[in-house]
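To keep things simple, chains are lettered A, B, C and D as they appear, and every chain counts its residues starting from 1.
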Amino acid sequence: MDQVITETKTNAAPSITPDQLDMLVEEADRAKMKAYAPYSKFRVGAALLAEDGTIYSGANVENSSYGLTVCAERSTIFHAVSNGVRAFQAIVVTTDISESFVYPCGACRQVMSEFGNFDVYCLRPNGKVSRTTLADLIPFAFSPSDLSKGQ
Amino acid sequence: MDQVITETKTNAAPSITPDQLDMLVEEADRAKMKAYAPYSKFRVGAALLAEDGTIYSGANVENSSYGLTVCAERSTIFHAVSNGVRAFQAIVVTTDISESFVYPCGACRQVMSEFGNFDVYCLRPNGKVSRTTLADLIPFAFSPSDLSKGQ
Amino acid sequence: MDQVITETKTNAAPSITPDQLDMLVEEADRAKMKAYAPYSKFRVGAALLAEDGTIYSGANVENSSYGLTVCAERSTIFHAVSNGVRAFQAIVVTTDISESFVYPCGACRQVMSEFGNFDVYCLRPNGKVSRTTLADLIPFAFSPSDLSKGQ
Amino acid sequence: MDQVITETKTNAAPSITPDQLDMLVEEADRAKMKAYAPYSKFRVGAALLAEDGTIYSGANVENSSYGLTVCAERSTIFHAVSNGVRAFQAIVVTTDISESFVYPCGACRQVMSEFGNFDVYCLRPNGKVSRTTLADLIPFAFSPSDLSKGQ
């Protein structure tokens, strides 16, 4: 099914084609099925397109000590970075929530922004998509250059 | 010393008076002196004004396993919430960086936004202050209501 | 009520007196009442005795993004360290679980062990107490000295 | 090169063969090369053998906000669990530290123990290996069953 971008929360132009979006949505949906979410029952999947064209995917992994839970977005980017990738074009995030769009949590925004700015697509199960960017999601981000100034 | 608000990154009106800001800055500076930052050498202090007028403060506490480090903003809000407080007016964050403003990381934005919207003041050692709000720092925040929709 | 140490999971001698234990239990129970645990409904309180005799307390503070939750033990030690304290005698942890003892999660063990070894008392609501130490709870701990070797 | 198990910190019998250990060490070393560790300069790699025979690997991924850093062990297990795997035989962890063994941090012990008990092999660059188990590294672990008792 072709995805429909029904909301745009950024002034930037899209970084990927509709075909690439379809492919990422498929991967994110597949990843969601494998989420380990026994505590929240809130399954999330993500698919990340690297600059070199490779796609990485991941799901949320919860823990009985809630604070050790990881979201799908971070799970995915940790996997990609562990493979030596440091530059990205877009991430797609999918949940089971139909009635509204759900955007990444602040921790995931921070972890993704360590690797620059890229597109973020949030997907509802009914195929609706909201498009934005990391720069829009975490303005004035705390960044590697801030850290070095303080040292 | 009276603080000078030299930058404003929000359309909202200030939530506190100049005298309250001075008091919070003093507390945040005092907390910064007690930071445990042997790894980054990056000391941060924070002071948080609750709706009931009480002030809570905290500093960053690092760990040899970097991922277990907590920032000053979270250290402070955890302390306040542990005391039963759930509503806040403003937080002041202070570092040792003079050349630019440093804003809270994404994890701290998320943790603070669990308790609604309030003013965020970022302070440079030279007395310059940037004023913004949580709502501006974490637009489309993932929130308690999102979680319940997914369950 | 005098606490009864019904289990001992360490070979080390107790670091505190029965009166000190009673005082810490009272503080931990009081902190538990203020826990912010809307997601797990699992309230935890902690009280920490510093080497200088001061007592710090805290509770768990959860987040709609589960991974940003903090446990009572970390909440408490972050508060104490933010106050400049770096050396501790004992921590008491209390929950609502009667049927068995609950020990700190791995993240809390790591954060506490950054500041050396001290006694850990886990309390059931029925007054039963299990006594152990951090060194017993996190053998071969990853420590500040490990980090410096790698750098 | 065949690995030599020079230290054993558990009473349990090994869960894998020397050939399997060699294979895991190779994968963990390869992963270490891709670590993103600009802040600590402390590179770590891990390789995880699932019950079904598949191997997953990962490295540490740091963040300018130190608290959002993930260790190699967690990076690896998040990747495996995101692939639907829930049962494991052994993990190998490798660093650049020759003079002593380095064991997983408390957060990683907790995250791994969510999925039961398995062997942990810590490797020095000189080929020396220390063998232990999760059950030995995190005694009286906080577990899924504890959480459900409190609810």
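Observations on the structure shown:
Basically, contacts are C-beta pairs under 8 Å (C-beta built on N, C-alpha and C of every residue); 3 or more make two chains touch, one makes a residue touch a chain.
Just so it is clear, the structure is predicted and the values come from calculations on it, not from any experiment.
Chain centres were defined as the mean of their Cα atoms; on that basis the chain farthest from subunit B turns out to be D. Chain centres here are Cα means. That of subunit B falls 35 Å from that of subunit D. For this pair, subunit B with subunit C, the centres built from the Cα atoms lie 26 Å apart. For subunit D, the set of residues touching two or more other chains reads 39-40, 64-65, 68, 70, 74, 105-107, 110-111, 142, 146-147.
Chain contacts in this assembly form a complete graph, since each chain touches every other chain.
Of all residues in subunit A, only 31, 33-36, 38-39, 57-59, 61, 63-65, 68, 70, 72, 74-79, 81-84, 86, 107, 110-111, 114, 142-144, 146-147 touch subunit D in the complex they form. For subunit D in complex with subunit C, the residues that touch the partner chain are 9, 40-43, 95-97, 99-111, 113, 132, 136-142, 146-147, 149-151. By the touch criterion given at the top, residues 39-40, 62, 64-71, 74, 105-107 of subunit D touch subunit B in their complex.
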